[in-house]
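Two complexes are shown next, each including chain A; its partner changes from chain B in the first to chain C in the second.
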Partner chain A sequence: MTITISLPPTPNETPEFDADGEKVQDAGTTLRTSSSIFDDHGSFVGGKAKDSGLLDGQAAAAYVQALSPIGRHADACSLALRAAANAVLGHGDELVDLAKRHQQLRSDREHLAREAAALASRANPLPTDEAELQRLKADCDRCTSQIEAYESDLVRWTEDLKASEDKVTAALRGAMTETQIDQTYAGVADPADAARDSMPSGKDPKAVKAWWDGLTEEQRAALIAADPEIVGNTDGIPAADRSAANTVSLDRDLAELGAIPEDQRTDDEQTRYDNAKAADVARDKIERSKDPMTNEHYEAQVYIYDPMAFGGDGRVAMAVGDLDTARNVSVSVPGLTTDMESAQSNAENVINLHQAASFEGGTSTATMFWIGYDAPSGADSAGVATEGMAAAGGERLADTLDGLNAMRSDDFHLTAIGHSYGSTTVAHAMTDHHPGADDVVLLGSPGAGDDADSADDLGVGSGHVFVGTNSEDLVGRLGQTGWVSPAAIGAGVLTGPLGGVVAQMAGAGLGHNPAEDDFGAVRFQAESTSRGSIPNIDDHVKYYDHDTESLANMAHIVNGQYDDVVRAGQVHDPWYRGPVDPESDRTPTSPDTDGS
Partner chain B sequence: MTLHVEPAKVRSTAAAWDTENLHLTAAAKQIKAVGTGGFTPTVASLVGRFVEAWEAIATRSASASESQADGLRSTAIDILQTDAKTDINASLALSSIKEIR
Partner chain C sequence: MTARILAATAAALTIMLAGGCGGVSDQTYTELEHQRDDVLAWARELSAVASTTLATSPEDATEAYDGVAQKGTSDNYKSYKYDVQADFVTEHQEPLDALHDELEEFSPTFSSNSLRLSHGDLTAFFQIYPKGPGKVGMFVEGPAIEIDQEDMSDWDGFVVGEPVDLA
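Presenting the complex of A and B:
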């Protein structure tokens, strides 16, 4: 019997490929932001610029007549640059995918070349045993077939790269000169216009999601560049698209306002610029941080960006991770002294929380800080003395939580976390509006709001209302506890900006202390190894610190690892004396939360 | 006698054109900063030329805005100077038409 053995060929080399799709995406993002500046310029020329203040008929008419070609050209430039930006962004996405495939091809090629060489060795000299010859033939045939598959993948990869390059070069070549731009784009309707006109009038996030899903890809891309303020801040629109839009707004503010000399900025321009810079620092902080388990850099999603909201305090929400796809999502609501300029410290908190969640085994997490309400800060600090700002904030937070639920079609796990006055805000959102959160965490809470008599009132089940209160956290002692009036605490002795706000809270009556046994929530351990010996403010701001009991327990809650949450004894209130906190006698621990 | 110019409006619209100049200059700067590093060699040189072309386009648009601002102020001043021959208010308004940024 004759056995024919064909040795497998040496696979072709994988070509060099050092393109960086993420850098290309950055280039596309910058071009899109610039297109947005042209878009605004077109709107200005077609609107406000017409109101010249010239009353002389001939001069006014000449002025207005001259505007028409300028506006037409600005609109054409906007559309042309946007098209180029979209082409570059698409090319960047394709390069990211091609890079992954290239890595796989290279690895396949190395493996197959080794295997082909090994088979050549086995065939020289040829084995004499027939069974061994049969095995060699089978191995050669299998390897040849794998090499053919590799070669076929390599051809496809090469063709896909060329197609992607051809597409982007065609787009760029079509918009290189102003003549080309005017010929192709002047007078062309902006696809953003029709898309904007079809937007639902109410703020039902499900209707918004349905509308957004019904748009073409071109319309969505157009709206992101032309109306970033709308897309970036409308609940129901997916987080990735909101973030793309808010990136346009934020980068445009940084570029435009940064170009105005500081001594020539108006007060509003300066406020907007300061808030933009604060948001930029927070974004940068997130993107420079790494997941402790994968060592990969985090990506930031800018979920809200509204720098002039609340009289210049601003609104901003930013996530570590992907809000559209993460299995576990948390929303952290800060309290006292919060405005947009505190974005950096809030970013640090949610970075820590994400890192801890990852360290505790969470593999699909997004942690977002939410400065989405007018929190007591600066001159507003007097507002802390009432629940008004928390109640109004609760409504806004409920809208955000509803929006997150509407933009997701899957069943994900959502945790709302409130710190300090933010815990009162979270409690109001839950009791007054019943948004679809799965778990609630109240940290250093001055009270769960007047509308919540017990944990059950928050609507998620008392077993899903978690409370973290350091026993020496002064603010955590301000809620109504049994018969003790919070105003009885000698808050008047406090000094400094934060102390003054706490002093006001002492008499505010922000509701029940959620750490008390009567409230019925799950209290978890949240002591600090650097805990003070008397009630103080320092212990109010340690909950998100690494290697603390509170961060470890919050990470477990965010991950849905309820059995791992270390319970703490609740505050109780015997008739014969003041409230008793059993945690004050326990020696605090310092669990590792990030592996460092 | 009625003025042929609303000085406050001229001032604010001209200032808005000045702001457009600054914004478009910022766009030019932004475009110039776009790197070609991430692209394949086949595309990179074209991106370089594209960036150069658009930096120039944005710069020209910025200059055009500056010209609009200056032109508007200049037209208003010419009209007010004529009016000033017969109207003291026009004389007073003349000094308010000046470049802010």
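Presenting the complex of A and C:
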């Protein structure tokens, strides 16, 4: 019997490929921002300035005659830049995909070349045993077949790369001169206009989602460039599209206002620029950070960007991870003194939480900080004394949580986390508006709001209301406890230098202390190894620090790993003395939360 | 009710005062620059050792001033540290063990997935990743320097995630 063995060929080399798709995406984003700037100029010259009422009669006619062409040209440039941006962004996406395929091809090629060489060795000299010859033949045929598949993939990859390059080249050649731009785009209706006109009038996020889904891809891209403030801040629109729009707004503010010398900026311009810079730093922090399990860079999603909200305090929300697809999503609400310039540290908090969630086994997570309400800060810090800002903030937070639920069609796990005054805000959102959160975490809480007498009132079930309070956290002692408050008993019952102050303040907080046994929430361990010996402020700002009990437990809650949450004894208030916190006698631990 | 509001306002004031005040001198900026120079110099030294030991070169090297401690209950930072991070892609099977042997002068200690080092008041660690085989991360940083967030943001030397040359 004759056995014919054909040795597999050496696979062709994978070509060098060092194109950086992400940088091309960045270039596309910059072009889209430029398009937005031209659109603003076109709208201003052609609309707002003309209709301001400052000019009438001959002056108005002269204005129209002189400036309308400029407005039309600016609009044409905007459309031309948008077309270029869309082409470059699409090319960037394709390059990112091509890079992944190239990496796989290179890996396949190395493996197949090694296997082909090994088979050549096995065939020289040829085995004498027939069974061994049959095995060698089968292995050679299999390897040849795999090499043919590799070669076929390589051809397809090369064709796709050329097609992508041809497409973007053709798009960019479409309008190279100003004359060509005017010939092609002047007077052309902006697809954003019709899309904007069809937007639902109310703020029902489900109606918004249905409207957004009904738009064409061209209309969505047009709206992102032409109306980034609307797209970026409307609940119900998917997070990726919101982020693309907010990136346009943020980058536009940085470019336009950064170009104005500091001493020539108006107060409003300076405020907007300061807030934009703060958001930019937060975005950079997120994008520089990495997953502790994979070492892959995080991506930031800018979910809200409204730098002039609340009299210049600003609104911003930013996520680590993909809010559209993550299995587990958390929203962290900060408290006292929070404004947009606090974005830096709030970004760090959600980076830490994401890293801890990943380290504890979470594989699909998005953690967002939400500076979306007018928290007590600056001149209005006295607002901490009342629940008004928390109640108003609770309504806004509920809108955001409803928006997240509306934009998702799947059953994801949503955790609302409030720190300090933010915990009162979260409690108000839950008790007053019942948004669809699965778990609630209250950190260093000065009180769960006057509307919540017990954990059940938050509407997620008392077993899903988690409380982290460091026993020496001064703010965590502000909530009302027991059948008679220390304030009624009088100062001096508590021990320690701050005891008198705390006694005066206790019962003057913002509702029930959620760490108390009467409230009925699940208290988790949240002590710090650097815990102070008396009630203090430093222990109020450690909950998101790496290697702390609170961060490890929050990560488990965000991951839905309830059995891994380490429970703590609740605060108890006996009739004969002030509240007793069993956690104050426990030696704190320092669990690893990021592997470093 | 009035008494409650007064007491709570007092609490708010206590909390606000605990935040302290800002203010910065040229000396602080000089200190920040010195720390950057010291950290960069050591990062380059460690990078050279890692490149030789792991038969590779640093990738994705970036520098930043990162916030450290916050002001009282404020979400704004009151101190910053300079740090450098970089990656090394290697086929070495036990990269941390190999680095440990080459970096004994910096008192290396193993901790979870990392190898920690110290050099005066500077610290560093090399880290491996359970789901990222073949990658070793390097982090080098200085101690916290007190500077208000606003002053830091206004400083020309403030960077977050800028590329840096470790050659």
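In the analysis below, the second predicted complex is superposed on the first by the 554 of 596 C-alpha atoms of A that agree within 3 Å, B and C clash if a C-alpha of one lies under 4 Å from a C-alpha of the other, contacts with A are read in each partner's own complex, and residues count from 1 in each chain.
Methods note: a residue touches a chain if its C-beta (ideal position, glycine included) is under 8 Å from a C-beta of that chain, and two chains touch if they have at least 3 such contacts.
The shown structure was predicted, so the numbers you read here are calculated from the model rather than taken from an experiment.
Chemist: After lining both complexes up on chain A, report clash or fit for chain B versus chain C.
Modeler: Once chain A is superposed (C-alpha atoms), there is room for both chain B and chain C without a clash.
Chemist: Please work out whether A:Thr234 is in contact with chain B alone, chain C alone, both, or neither, and reply first, second, both or neither.
Modeler: Once the two structures are laid over each other on A, A:Thr234 reaches no partner at all.
Chemist: Look at A:Ser596 in the shared chain and tell me whether it touches chain B only, chain C only, both, or neither; answer first, second, both or neither.
Modeler: The answer is second: A:Ser596 touches chain C but not chain B.
Chemist: A:Asp40 contacts which: chain B (first), chain C (second), both, neither?
Modeler: first
Chemist: Once the structures are superposed on A, label A:Cys77 by its partner contacts, choosing first (chain B), second (chain C), both or neither.
Modeler: A:Cys77: touches chain B, not chain C.
Chemist: What does the superposition give for the shortest Cα distance from chain B to chain C, in Å?
Modeler: 15 Å.
Chemist: Which parts of chain A are in contact with chain B and also with chain C?
Modeler: none
Chemist: Sort out for me which residues of chain C touch chain A in the complex.
Modeler: 3-5, 7-12, 14-16, 18-19, 62, 64, 66-67, 70, 72-77, 85, 87, 111-114, 125, 127, 129-132, 135, 137, 139, 149-150, 153, 160-161
Chemist: Would you tell me which residues of chain A are touching chain B in their complex?
Modeler: 17, 19-24, 26-27, 30-31, 33-34, 37-38, 40-41, 44, 48-49, 51-56, 59, 63, 66, 70, 73-74, 77, 81, 84, 88, 91-92, 95, 161, 165, 168-169, 172-173, 175-178, 181, 251, 255-256, 258-261, 264
Chemist: Write out the stretch or stretches of chain B touching chain A in their complex.
Modeler: So the residues of chain B in touch with chain A come to 2-13, 16-17, 19-20, 22-27, 29-31, 33-40, 42-43, 46-47, 49-50, 53-54, 57-58, 60-61, 64-65, 68, 71-72, 75-76, 79, 100-101.
Chemist: Which stretch or stretches of chain A touch chain C in the complex?
Modeler: 274, 277-278, 281, 284-285, 287-288, 290-296, 334-338, 341-342, 344-346, 348, 376, 381-382, 384-386, 420, 474-475, 478, 487, 501, 504-505, 507-510, 537, 540-541, 592, 595-596
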